[in-house]
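To start, the structure itself, in structure tokens.
Here the chain labels run A, B, C and D in written order, and each chain numbers its own residues starting at 1.
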Amino acid sequence: MIRFEPREYVSTRRVIGAPVFAALIALALAAIPIWSAGADIATAYVLMVNGAIGSVFAISELLARATPLILTGLAAAVAFRAKLWNIGGEGQLYAGALAAVAVGSGSLALPSYALIPAVLVAGALAGAAVMLVPTLLKVKLGADEVVTTLLLNFVILLIVQMMLEGPMQDPMGMGWPQSEPVLEEAMLPQLIARMRVHAGLIVALLAAVFAAILMRRTVWGFEIRAVGANPSAARHAGIPVTATFVRVGLLSGAFAGLAGVGEVAGLKGYLTADLSPGFGYAGIVVAMLAGLSPLGVVIAAIFVAGVFVGADSMSRALGVSSYLADLVVAMSLLCVLISGLFVRYHVRIGGSRATD
Amino acid sequence: MASRAKQVANGIIGGPMSDAPAEQAAVLKLAGITKRFGALLANHAINLDLYPGEIVALLGENGAGKTTLMNILFGHYVADEGTVQIATPGGELRPLAQGSPQAALKAGIGMVHQHFTLAENLTGIDNILLGTRSLFSPFASKRSARARLEKIMRDSGLTVDLDTRVSRLSVGEQQRIEILKALYRDARVLVLDEPTAVLTPQESENLFQTLRSLADEGLSIVFISHKMAEVLSASDRVAVLRHGELVADLPTKACDRNMLADIMVGRHLEPEARMEVDKGPPLLKLSGISTGHGRDALHNVSLEVHGGEILGLAGVSGNGQGALARIISGLELPRSGSMEIDGRRLKPAPRTVMREGLVRIPEDRHRDGIVGEMTVAENLVIEDVRSKAFQSFGFLDFSAIEERAEEAIEAYDIRCPGGGAVARLLSGGNIQKIILARTLDKEPKVVLAAQPTRGLDIGATEDVHRRLFEARARGAAILLISEDLDELFQMSGRIAVIHRGKVSPPREAAGLNRSQVGLMMAGQESEDAT
Amino acid sequence: AVAQEEKLKVAAIYTVPVEQQWVSRIHKALNAAQQHGDISYTFSENVANTDYERVMREYAEGGMDLIVGEAFAVERAARNVAKEYPDTAFLMGSSFGPAKPNFAVFDNWIHEPSYLTGMIAGKATKSNVIGMVGGYAIPEVSRLMNAFMEGAREVNPDVKFLVTFINSWYDPPKAKEAAFAMIDKGADILYAERFGVSDAAKEKGILAIGNVIDTASDYPGTILSSALWHMEPTIDKVIEDVSSGNFEPADYGPYSYMAHGGGSFVVDESLADADALKAAREKEQEILDGLFRVNVNDEEPKSTL
Amino acid sequence: MIEILDILVNPNFWAAAIRIATPLIFGVLGALICERSGVLNLGIEGIFTAGAMAGWMAVWLGADLWTGVAVAAAVGGVFGLLHAILTVPFGLSQHVSGIGVTLFATSLSYFAYRTALPDVSSPPRITPFQPLDIEGFSDLPFIGAALFQQTPLTFLALFLVLAVAFILNRTPLGFAIRAVGDNPAAVEAQGLSVFGLRVGAVIVGSALMAIGGAFLTMSAFDAFFFGMVNGRGWICIALVVFASWRPGKALLGALLFGAFDAFQVRLQTEVGAFVPGQVFLMLPYLLSIFALVAAARKADYPRALLKPYFKGQR
């Protein structure tokens, strides 16, 4: 039998060491699929590191991929703190992207310094609005938000498709289901010339700092934590539970919406229905890897992005099936997840059973 | 008899053989049980024997290690040191595999946990039968089982509707199911962890009658309790734990209330002297409050509580106290009627009632009183985070919060590693102290204290009582909702009784006696009391 | 034999798995070229939209001579990247034109054989209802459907069409359900733009018209006629141009025309009506001789029932 | 209006509804078993994919169809075991573990498929399950056409609805599973193993999910495709709540969903020109949300759902 005994005291070395160790184990495990695909394992690791951080290009790519993950990770982290299970980051991301296109593709003629904020605000509002629905259904009618947010992902994606094939279709798009491009003035500036990492990263980092301060240092954060940990005690103590849920829902949705803005106005320039390869879902994992800590989300997002970009590049260089990258990411997630146990508990195997 | 000599040598008061027939062999033998939780020594070298047909009361302060010891016996925990031996039906002592409830059940140990272990989505009979039959038997005919259970119910007097979902049963009925679970499995040792904590006086009385008759049949019973009266009246023997050590093992005959209290706490307790305070103006006024339906309803309830007064509200749990407390706390709006605090009529909501100077000690402190995952300091300010004292422009003032925590920990003797400790890890008594500190320190006009000492040990109870008296002395109006008649008579100036959602007019406690109140709690109006 | 180092390095980027009809044709042509020893070929499949640009850049940085892919839905990124690597040749499937200095385009211009399959289908239907299941109503799809419908109408003015788009490139069970629905509505010939349609036809014992790839052997007795796309002429031409240093950002689309062998028309003669086949063969010759031009119509086709 | 009625009275429409519902029935039963024991299994989407791949692959390599189903179930069980270990004894977040399992199972299936079949240009096919033609029954007027176009797996699914309902409501095992999902301490106090029950339930539930996946490649279709599961797993998670954790209602929910989907496809050819197809595609999701709101108050969900249980810890 396996037993877990909570640790009295958890050293910082352990908190940092365990996930690093877990990541190494995951990479070691990745040798199995690499080997089974017939590639050279040592070369693979070199290529993987190079692909993730071996050049300015690699780092730019890593950060570009981490950007939406930070935001969807924050969306999950703040909501989960209040035990508002927002599984709808994906839909909120698309809503944000849709709003960014609606505002940024010509309907507003503004200079850059006004249009970019307008696009960001529109995206955040759209994400927030989408999350408001399940939040209200939960607090007013008691409908389980895991399911409603999950289902809304599909609904939003269908709305996006509908818009892309209907009113928002690019007339110059030759019938392709894609939106009109976002104006140059609405595009988030690139941070490094000719590289993809864009100002959305700054937005994401600011959002993380904002969330960290909000959660730790403000009354609202206090109330969110209290409602998450024990809603009935919070209510008894006079904390406005419904308002807190609504606040958290709006904030969570806004973060996910911003992720969508970044993808459209930072990277692609227009919206298609395959904009996100599941960033909304990955954000949940990022948030949990980070222990729901907003600043931890940044690190976790960079880690997840790095593993993906590195493994993806490696698979390409070796001519191994590119599904390897997703596999390595999944294995890393599981390993890091398990390592969390060793941080919080003494794990005893066997146990001191006196007699049998 | 070597063990006894050793115990005496260890400085234990009394000994296990004091009263039991010497020739009779023990059914259960705990020897040298030690259990650590991290640095905490929850049980230390405990030796305890149990003989057929006796009822042993296990006594001790909160956190003394009673539940831990019984959990080791039942296999929920594994002892770090020591052995548990249990007699076979033939009378031969055999070591019991530790860490296996299944082995304990098989060996004839039954346990009624402090928190009931019932699946509420199943019926009583399904709960009882759980684990008694092969999981893979395709059919679950209950006919023979039902017949046996009905016989057990007849013999023991523990009657309950077996086919009702547990979620629809009262706590008393749920407890009967718990005991039936053990009896159905032919338990020879029955452990009950604070069985009366949630029972009404009548239910408790019935329970102990039943236990006595079961003991007469040969069942050995250990029960844990904080209530001196029932320990003295219902047990044959008393074992006292203090800080994880067995400090006394005495025949009940040889004990009295004060002596046990002193052994338990390790110091002498002075009962709080009741002093009279001048009654002030009515600070809490309820008029014609009605709400809800069924068991948890209120019908036209009117009450006035004056400053400087403790008004006791007696009643069997489930007669509307919950609804009343929720309305006064502002958690629920009444269907009709009004509430005034210090002459101001208001729409109850947690924040509005607090603003008017009403504080509340909730009935279920774990559910409504504290946020277990947050720190002691955070729990101390949770009602006031929005006040200027602890925040500016929405940002928390950490130094003020810390200062407040230190001050309260000091003033209320909250035993914890510090303000940064996680509240969940504190004992019940200390959790209650957090709630007392954050409510009574506000110099409230009105205090709603719902079951404020439920589950607390004597020391902690005294502490709560003292704090409430202090608040009264400062002129607060206190509404004390309790099922404990001792407490009500000790604390209250006037007593009202709630029955089926109706509240009787309060009467001076001095002019009432316990049986009158008991009758009123059962729904019988006593005319002569006026 | 050409030495290893001199082999042209070609990479392909696909947004879908290589089994997907359209992409499979490119993949097949490039694999064939590799087999001949003309090129060394690597590819990335199922590349997510966000990753497309990175993959392009990685290949360009990796010293590829030629990068083949689909610019659909990643048009802007693809064109930007190409501009930044002027020494690399890009050949992208695109609905838009080529761009200097190095962005050549191609497309599946098999509207000609599609028209011919329409002529076969139009004669073969007895209920005069033909069901058509497509992915998305994009030009690449609509154009072929319209040509097919025109061909069918030419030989049978009474024919009606049911058109459904499943809004997915790749959901065979869904395509199959859509096809079943059309059979319920009386269709006795199905135009199988997507995987899954022919399965429905086979199960219900009716005929289907193939598109892009030849699936006749998978559904014996079901595929009446197919309009096939062959990417080899395009790929061979572009490889030749790049090798010889004559690569121009041109439109390689015409290499998909029948005249270049990029499109072909096949019929299961045991299933087709002899007269219809004869008519279609005649029309085929006219097309090859340049005497007949099939209309290019990119409008979304609609049901006419 | 007439057209809509036409659709509804057509047995082929109902046949399609049942066909679309079949994988969902497996999935929703699997998810229901897991959740009844107290474990949310968001690994379902990946387990569907793994089942679809493994079952198909086994048959493609030469196994017979039922062996393929067994292989799919076994593979699903293995992923279920992974999820169970992470969430039951380890007590890790069920949300994250589930999503992790989905990522893992999906990517492993894709990687394995592509590594095994690197050079296919069209998906290899197998001979799938054929409709169960029972002499006599198939000719029944309406039912015959609707029901006996189905393959044996559909009948297996329908049988499993009864079996799961029977087990949960009538047998000691079912009582134990329901109890462990309500209050694990109750189960432990009666000498049963919380871990054993939960791990077992998650394994069995996951095996059912995987059969749902196998239905896609071995009955609804005859080849494996990337992305072919396409959100069907998530739908099951929603349907479980819609069904208030009851097998009978789960069947109803899956059929309703299937009917909506089949209806949508048929309606598109009727009015597709006027209303975007997405509107119809949205309907089942919106309907589920409405049903959820309507049922939210009454549903007695497993109280211990999402809560890890550690022996001897408080």
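Basically, a residue touches a chain if its C-beta (ideal position, glycine included) is under 8 Å from a C-beta of that chain, and two chains touch if they have at least 3 such contacts.
Every value quoted in this text rests on a predicted model; they were computed, and no experiment measured them.
More inter-chain C-beta contacts link the pair A-D than the other of A-C and A-D. The distance from the centre of chain C to the centre of chain D, each centre being the mean of the chain's C-alpha atoms, comes to 35 Å. Averaged Cα coordinates give chain A a centre that lies 27 Å from the centre of chain D. The mean-CA centres of chain B and chain C are about 77 angstrom from one another, to the nearest whole unit. Multi-chain contact residues, meaning those touching two or more other chains, occur in chain C at positions 46, 167. Taken residue by residue, chain A touches two or more other chains at 6, 161, 165, 323, whereas all remaining positions touch fewer.
Multi-chain contact residues of chain D, defined as those touching 2 or more other chains: 110, 278, 281, 311-312.
Pairs of chains that satisfy the touch definition comprise A-B, A-C, A-D, B-D, C-D.
Across the complex, chain D meets chain B through its residues 170-173, 175-176, 178-183, 185-193, 300, 302-303, 311-312.
If you check the complex, the residues on chain A that touch chain D are 2-4, 6, 33, 36-37, 85, 87, 137, 141-144, 146-148, 150-155, 158-159, 161-162, 165-166, 281, 284-285, 288-289, 321, 323-324, 326-327, 329-331, 333-334, 337-338, 340-341. Against chain C, the residues of chain D that register as touching in their complex are 10, 12-13, 16, 19-20, 110, 119-123, 125, 216, 220-223, 225-228, 230, 261-262, 265-266, 268-269, 272-273, 277-278, 281.
By the touch criterion stated above, chain C contacts chain A in their complex at residues 15, 42, 44-51, 53-55, 57-59, 61-62, 72-74, 76-77, 84, 95-96, 136-139, 142, 167, 298, 300. Per the touch definition, chain B reaches chain A in the complex via residues 38-39, 78-80, 83, 95-99, 329-331, 349-351, 354, 360, 362, 367-374, 378, 382-383, 385-386, 391, 394-396, 398.
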